[in-house]
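Shared chain: chain A. Partners: chain B in the first complex, chain C in the second.
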Partner chain A sequence: MEKSDNLIKNAAGRMVPKTINGVEQVPYMGVGKFIPTGKKHAPSIKSYANYPADGNKQVESLKDALIKAGLKDGMTISTHHHFRNGDLLANLIFDIAHELGVKNLRWFPSASFPCHEHLIPYLEDGTISHIEGSMNGALGKFCSYGKMSRTAILRSHGGRYQAVQDGDVQIDIAVIGAACADSFGNANGLYGQSASGLLGFALADSEYAEKVIVVTDNMVPFPCVPWQIQGNHVDFTVKMDKVGLSEKIVSGTTEITKSPDRLLLAEMTAKFCEVTGIIRDGFSFQSGAGGTSLAVGEYFKQIMKAKGIKARFARGGSNKYLVQMLEEGLVEYILDGQTFDLEGVRSMAENPGHVWTSPFTSYNYHGKGNFASLVDVAILGATEIDINFNANVVTHSDGLLLHGIGGWQNCLFSKTVIIPVPLFRDRIPIIIDEVTTLCGPGELIDVIVTERGIAINPLRKDLIEAAKGSGLPIKTIQELKAEADRICGVPQKQKFGEEVVAAIKWVDGTVIDSVRRVLE
Partner chain B sequence: MTKKIATAGNDGDKIRSDCFVSLELKESGGLHIEVQSKVKTLFGDDILAVCKKALAFFGIENAEFFIDDKGALPWVIMARIEAAIKQLIESEKEFLPEMIEENTTSSQKSQFRFSRLYLPGNTPSMMLNAGIHKPNGLILDLEDSVAPAKKPEARFLVRNALRALNMYGAERMVRINQGDMGIAELAYIIPQNVNLILVPKCESAGYIKQLDIEIEKIKSAHKITMPTWYMPIIESALGVEKAFEIATASKNVVALAIGLEDFTADLGTRRTKEATESFYARTRLVNACKAAGIQPIDSVFSDVGDMDGLKENVKVSKSLGFEGMGCIHPRQIPVIHESFAPEADEIDKAKKIVHAFMEASEKGLGVVSLGSKMIDPPVVKRAETTIHLALRLGLLDENWREEFNA
Partner chain C sequence: MEKSDNLIKNAAGRMVPKTINGVEQVPYMGVGKFIPTGKKHAPSIKSYANYPADGNKQVESLKDALIKAGLKDGMTISTHHHFRNGDLLANLIFDIAHELGVKNLRWFPSASFPCHEHLIPYLEDGTISHIEGSMNGALGKFCSYGKMSRTAILRSHGGRYQAVQDGDVQIDIAVIGAACADSFGNANGLYGQSASGLLGFALADSEYAEKVIVVTDNMVPFPCVPWQIQGNHVDFTVKMDKVGLSEKIVSGTTEITKSPDRLLLAEMTAKFCEVTGIIRDGFSFQSGAGGTSLAVGEYFKQIMKAKGIKARFARGGSNKYLVQMLEEGLVEYILDGQTFDLEGVRSMAENPGHVWTSPFTSYNYHGKGNFASLVDVAILGATEIDINFNANVVTHSDGLLLHGIGGWQNCLFSKTVIIPVPLFRDRIPIIIDEVTTLCGPGELIDVIVTERGIAINPLRKDLIEAAKGSGLPIKTIQELKAEADRICGVPQKQKFGEEVVAAIKWVDGTVIDSVRRVLE
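On to the complex of A and B.
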C-alpha cells in the first residue's frame, strides 16, 4: 500500500498528500470551511440477549478478553492516556498481540508517552503498522526518521472524536483502563490506586468501538458510580493487579516554575489580561499544567484577589493551584478535561463544582457547539510561531516530532488565545518566517508574549487599542523576529527528505500539513 | 611553547547556551574541524564559519579542532575558541565580536544603584536574559562565582559579553579578582566600556589609587573618555576600619558595598537573620559613605525563596541609610526596587513639607511651619530627598506643586 502521495497545496499554502495509507483525504480548506454531510459512523447493533443476564462480563485476563474480542491482523486498537507516563496497558496489549503473532495493527492512542518506547520493536517487526495519535520522545524520532511502515496521523483531542464519528478511524477494540470499575463495565477514574481523575478521552471509543474492554485494578460490586464510562457500552471486563504506576499517573504535586524568565513571561501574560480587561467579573479561562501556565494562574489569582474579581469557570487540566482557586471561591466551576495531580483527583471526587468533561462537550467538531469557544482566554504553548502568527506544536525546528497536539488546536477557538514563549531557546529562535509544521492557523492566534516584547495579531484591533498606554512592551511580530535574529543570527534553511512521514489533521478532519522525513 | 592541546568552555548534559572546544596544534596536515551541535540543522554552517575565521585570525593552519556546541551564541563560541588558542599561542590580537550600540553608553556617578544582579562570569546561559529583569546594574563576576581553573577563560567571555550582550539599560558592572589578578583583568574590560568595577575584599585606599593609575593607562592607550566608576566591597574588619579612606581614595568611587559572608567569617562569628553581629560594620559603612558623599550599598539576601524575608531585610537596610542591595536572583529585583522606593504616605508628607518650605521662601519667611508645627531644616532636607527620589522614579509628576495651587 502506498504510504502517501500526490501532494496538493491546501488553503494554508502547505503541500499535503491527497491519499494517506491508501485513504483519500480532504486538504485543509480554511477555518470552519469544511462542512461534511451525511450520517455519523455507528457501531453494529448489539442486543442484551447476547450478554450475561447477571451482568458479569469479567473474563480471566486481558489476553482472554482480546482473544474473545476477536483480535486479528489489521485491526485498529485504541487506548487512552489517562494513566499518562504510568500506563502499563498499551505495552501489555501489544506484548499479547506479538505473542499471538497478530500483525499490522493500527494503534490509535489518545496520546503516547515516553513509557511507550517499549513498542518500537513491534513497529519494527510489523506487529504495529503505524500510529495515529500523538508521538513523543523515542516514538516521535522513530517516525521522523521514516522508520514507520505507514504514514502517521496526528490529531487533536477534538479531532480524534471527529475522526471516530466520521468513521475515518473505525475502532475494532477499545481497551479502557480505569481506576475503578464493576464487572458490568461501569467505570470511573476517581477511586483506587490508579486514580487519574476522569476518563473523558475514552468516551467516544466506548460508544463507537466494535468491542470495548474495561480493565481495572479496583473491581467493586455493581454499581460503580459515578459511571464516567457506561457499562452498557462494554463487552468485557478484566481485573489486573496493577493497570498503572500510580506515581507516574498524576504527580503527587504540580509545582510552579522557579525559572525567573518563565515567571516573567507569566507575569507579563497576566498583566496583559488585566490591562486589556480580559480579567473581569464572570470571565473564564483555560491554562495548562506546564510550569509557565501554572504561574499564569497564580498571577491571575493575585490580580483577581486584589480587585475582588471572580471567574465563572476555568477549563482544566486541573491541578492544586486551580483547586485552591475553586475552594477559595475565586472560580465557581472547574470544567476539567484531565487531572494533573492528586489535589485535582481529590477535588473532582469531592466537589460538585469540579466537573468532568470530555472532548465531546469541549472540542468536538460535530458537536452542536463546543465549550472551547465559550472560554474568554486560553493560555497555550508552541514550539515555533511565524510572522503570520501561525504556530507549530508538534515538531521542533530540526523537524523531529516530539509532541502531540492534545487539545491545543481545539483551544484556539477561545475568544482570545495567548501564547507565552521565550523569544529564543538556547540559540533557536521561536519567532521565524515560516513554521516548520503548521498546526494552528494564525487567524486564531491573538497574542504572543515574549520576555522581550508582546506582539498582538493585527486582526485584533480591539486588543491593540486596549493595550495602549499600559506600559507593556507592545511590539510588532516583525520587530520581535528581528530582535531574535539579531541575537541568534539568521538560521539556515533546514533540509528534509521528500517522504511524508506524518500528516497533521485540522479539527475538522482535513489535512493542514505534512511532516517530512528527517535526514539522519 | 611545549603545550599542544588546549580546551575551553563547559560540557555535560546540563550545559546550555555554551560550548566546549578542544584544539590540538599540528606541524602539518592542514585544519580538521569537527562541529557537533544541538542546533546544527539551523546554525551548523555558521558555527563552522566562525571556527574557521577564528583559527585563520590567529594564523593557525595545521590543527585538530573540535567543538561540542549546546546552542551557544556566536560571541560565546568566539570567546571559547580564543580562550583555547591563547593557551597555546601568545598573541596580542583579540578576536572580538561586534560592539552593539546599547553597550556604548556611560553611566552617572549618582544614578540609582538599588539593585545589582550577580552573574557568574563563566556561565553564558545565566547572562542571556539577565537584562530583561531590569536590574539597575548587572555584574559580570570574575571572582568568587568562577572556579579558579576557569578564571582565564572567563575573562574572554566577560569581555565579549561587554561588547555583544544586550543588558537592556542596566549599568554594566564587572567584579574583578583581588590584588594583581584584578589589575591584570582590567585590560580585558576597560576597553569594552565597562561602567563600574566592583573591587572585592578591599582594605586599602592604596589599591584604589593603583586602579586609577592602571585604568588611566589603558584608557589613554585606547582613547576612552567614558568614566569608569568603582564600588569597593568591604568584607573584613580592617576594611570597615578603613571605609572612609577607601571611600575618598578616588573621585571614581561612587559607592561602598558591604559583603557580610566574608565579614562575619573575619569576625569569627556567624551571619544571623537579625544581623546584630554586623550592625556596627553596616552603620559605620553608611556613615563613611554619607561623609564622602557616595552611596552605601548593602549585602545580598541569600534566601532566594523568601520574598517576605527579603522585603523585611530591605526595610531595615533602608532605615539604616543604605541606598541599594545586591541580588543573586532576578525575582529579588522588583522587591528591592519597590522597597527602596519611597512609599505613598512618605511622598505625601514630603510634598506638604517641601511645598510649605517653598511657599515660605517665596514669601521671604524665615520660619517654615506646617499647620501649627514648626519644621526644622533637616526635616525639609529629608523631604526634598524623598521628592527628588520620587521624581526620578516616576512616582511623582514634575508639576506636583500645581495641586497645592489649584
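On to the complex of A and C.
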C-alpha cells in the first residue's frame, strides 16, 4: 500500500502515488502528452554455444526448469491468461516456489482468474509479494481490503506490452503454457486438449524475459507450426500431463443475451452506427464477448445484409457469431486477439481469414502506431461513467477491484467508441458525477447508449449532426444522469481508507488513478 | 583498407584486423569459444502520439521518406536482397542521396547483386563510404582492388542478424521493398508484380533500425496479410510504380544440372546419405538452388520413394523440385528462407506446408539456439577446401571477392555437412593446402564428395564406420589432393598486397579472416 503522503495530483485531477513500491512514477499528463525518451529494454545477448546442440531443451519437470532458470527471492515471474479460468500453471509455479522456500516474488500475469484464489496463502506467507495484473473475485477483494503487502499495478493489455518493452517491468522468468510445442520451444495454442487459440499475451514475455519456459501437454516433433511463440526465445521446455482444464479454457457457452433490455441496447447501438454512416462498405468494428456485444454484432449483420455490404475486418476474440460472419463473407478478416469459444478455435485452425494479432500489433502505445486506431467503431463496456464521459472498468460502486482493464483502454483509440450500458444496475445508477476509478478519459469516449437515451460527447459534433432526424432518443449525458437519479435516488458515496492499494496505469505507463483501500 | 600493422593472429592462425574502420574487433577464438556479454541493441522508445492517428504513414515519394527519416552524412542505410538482380531500390536510394549531396553513407545490404554496379560512381565520389554485405561481380572487383575508401565486412545471413541484434551495426534507415503492403507498413513478398516470396532478410532491419521505410508497388487496404514485416515497426510507407524487375526477381529457370560430372557428384552424395543412414524416416535436409544441389534432392526423392519414407522437413529456398516433394507428401514441411522460382512463390502463397523462417529463427548464433543445428544434413558448396577441411566460399583462387557468405557458415552447424565439389575447375584444383580465405572451420565440415572419391573428416568416426563396405570410393583428403595435383600440377600462389580490403566475420561476430588487396 502507498500512504496518503506519497500522493500527487495528476492532470486528470486524481491523487496518484509518486512512487509505487519505491519506484518513481510519472503521473498521467493527458492523452498523448507524455512522450517517452530512452531506449527499449534490452535483454542480455545469448549464445548458441550455451544451448543444446541438437536443439532439445526439454527438462524433467516444471520444478526442474524453474531451478535451472535460477528461481530466487525477489524475482518477477510472468504467466499468461489464455487458459483463463482453466489455468493450472500459475498455481503450480507458486506451489513449487513455496516448496523451495523462495520468497517475495512479484507475479506478473497478463490477467488472473477466480481459479487463482489458490494463491492467497502465498500472498499471506510472503511467497508472493504482490500481483501486477488484473485481479478478479477473491484476489481482487484481498487487494481491495489492503491485505497485499505491496501495491498492485493494473495495466491494459497494451500497457503490459509497453511496460515490458520499455523495461518498466523486467521479467526474470516467463512460464508460457501452450497447447502444442516442440522440444526447441516453438509453441502455439491451436492443437491439443488445451487448445485456446492464440498465445499473443505471452509475446512480450517471450521476447523480453531473461529466462523463458514453455510448458505443454502436447509435445510434437520439430517443427511445431505455426510458431506463435518462437523457440529461439525459449530456454527450457517441459512436458506435463495437463496444462489446463480444457472445459474451462473456452467456455463454449458464450451466447447472445436474451434479456429484452440488453437486446434493446444492442439494437439502439447498431441503429446509431447505421444512421451515422459508421456502417459502410469496408468498415471495421470491434466488439467483445459479452451478451450485449454479441447482440450488437448480430444487428450489424442484419444491417450489412440488408445493405449488401461487408466489413473489411472485425477485431476481437473470435466466437461462433464472428466466425459465422467470416464464413458468410460479411467480414473479410477477423483480427484475433484471443479466442472465446470452441468454434473460434476450430475456425482459427482452418480459416486463413483469421489474422493473429498481439498486444504489440494491436495495442502497444509505445510503438510506431498500433491497430486500435484503425478500427472504425469499438463497442465497449463500463462499470461507471461520469458526466464528463470518463469511465471506470475496474471497480464497482462499492470500491472493490473486480475486473481487469483488458484491452479496454487501448480500444479507446478507435475512431468511434460506443458504450452501451443500462442506466442503472440493481438500482445503482451507472452515470454519476465522478467515477470511483478513472480508467479512460472522457475525451476518448464518444457515445453512451442507454435504454432511456443516447448521449453523444459534445466533442463529436460530427456524430451529433449525423444523428439529427434519425428518430433515435438523443439526450445530453446530464439528462440521462438526472433520469437515473430520479429513479434510483443519488447514491451514497462509498467510504475508503486513505491508503492506495492499487495503481491504474494509462496506456503510456503514467499513473491515471489510484484504488483506495476499502474499509471492511 | 586496414594496414598490415593493424593485424593480429586469430585462433585459426589467420591475420585479421584489430580494428576495422576504427572500431575494435574480437579476433576469432574457435567454434563456440567467444561467449558474448552485454545487452542486445535497444532501439529508442516511440510513441503512438507521434504517428498518424489514422495509421496512414504513406508519404509522397521515397525521396520524401528519406528526408523525413532524417537522411544525413555518415548514416547507415540498409536494404534487403529479396529482389535479387531485379532490385531497383538500392540504386534509387543512393541516386537520391547523391542528388541531396549526402556523403559518407554506409550501405548495409543483406546482399548485393550485379545490378548494383550502378553504385560504383557513388563509392568513388564519397556518397557511399563502403559496403558491409556480400559483393559480387563489379562491386567485388572494386573492393578487391582496394578502391573502396573504407574496409568492407562480410557476414553470413545469421551473422548479419547477430550484428544488428547485438548493436555491432546500428541501422539509421532501413528501406524495405515489398511486393505487397498497406499504408500502415504491414508488408509481405507474396502478392503482386514484384512477388519474391519472403521478406525474412529484412526482419532484423525492421526490428532494430531507428527509421523504417516500406516501399511497394502494390498498396492494399489495411490489413495487408500475412504481415511478414509488421507495420508497428514502420515509420513511412511509399507507393512506387515498380520496386523490382519481376523477370529478374525469380529467374524461373533454375534447373537441375545436365552435366554428367555434376550428376555423378549428386548421385554419390545421395548414395552416401543412404548408406550412412542419414536418409531415414522423419529426417531433414537442406540443399541450395545450384544445379548439383537440386540434383541431390532428386536422388533423395528416388531413395525415399524406394524406401517408402518421408522427410519431416526440408530447409532452403523453395523451388519447383522441393515443391513437388511437398505436394507428393515426401516432405511434410518446407522451412523457407527465401524463394528461388515462380513455382516456389505460387506454392508458398497456397500451401500451408511452407513455413516462413528468417535469419533469426534459422541462423542467429546469439539466440537461444537456432534451427540450423536441427537439420540432419546440409549439402553446401565451396570455392576451395583445404586438407584440414577448412573451406572458402567468398574468393576464387585469383583472390577476387566474388561471392557472399549467405547462409553457408550458419548451415555448418547441421548434424552432417557435405560438400560435393569437382576435384578441379578449369584445371585449378579445389582441394589445396590452405584456403585463400577461411570462411568455415574444418571441424564443422564432415564430408567432401568429388568425382574421384569421397573424403570423410577424421573427426567423424561414426560416418567412416558407417560407410565401410558400401562400395563408395572413400579416400583421405590428402589422397584426393594428391590426385588433383597429379592432374593439374600444384598451382602457383596468388600474390596479394599487404592491405586488408575486407574482413570475414564468423557467426559470433568475431573476425575469422581477412581479404587482401589484389594486385591489378
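We adopt the following convention: the second predicted complex is superposed on the first by the 514 of 520 C-alpha atoms of A that agree within 3 Å, B and C clash if a C-alpha of one lies under 4 Å from a C-alpha of the other, contacts with A are read in each partner's own complex, and residues count from 1 in each chain.
Simple rule for what comes next: contacts are C-beta pairs under 8 Å (C-beta built on N, C-alpha and C of every residue); 3 or more make two chains touch, one makes a residue touch a chain.
What you are looking at is a predicted structure, and each value in this text was computed from that prediction instead of being measured.
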Ask   = First (chain B), second (chain C), both or neither: which does A:263 touch?
value = first
| message | I'd like to know which partner A:488 touches here: chain B for first, chain C for second, both or neither. | response | first
Going by the contact rule set out at the top, does A:426 touch chain B (first), chain C (second), both, or neither? first
Practice item. Determine, under the contact definition given at the top, whether A:399 touches first (chain B), second (chain C), both, or neither. Key: first
- Where does A:361 make contact in the superposed view: on chain B (first), on chain C (second), on both, or on neither? second
Per residue count on chain A, the busier partner among chain B and chain C is C
In chain A, both chain B and chain C touch residues none
In the complex, the residues of chain B that touch chain A are 16-17, 38-39, 41-46, 70-74, 128-129, 132-133, 166, 329-331
Chain A partner, complex, touching residues on chain C are 32-55, 57, 165-166, 184-185, 212, 221-223, 225-227, 230-235, 282, 312-313, 333, 335, 355, 360-361, 364-371, 373-374, 413, 415, 507-508
Touching chain B in the complex, chain A uses residues 260-261, 263-264, 397-399, 422, 425-428, 451-452, 487-489, 491-492, 494-495
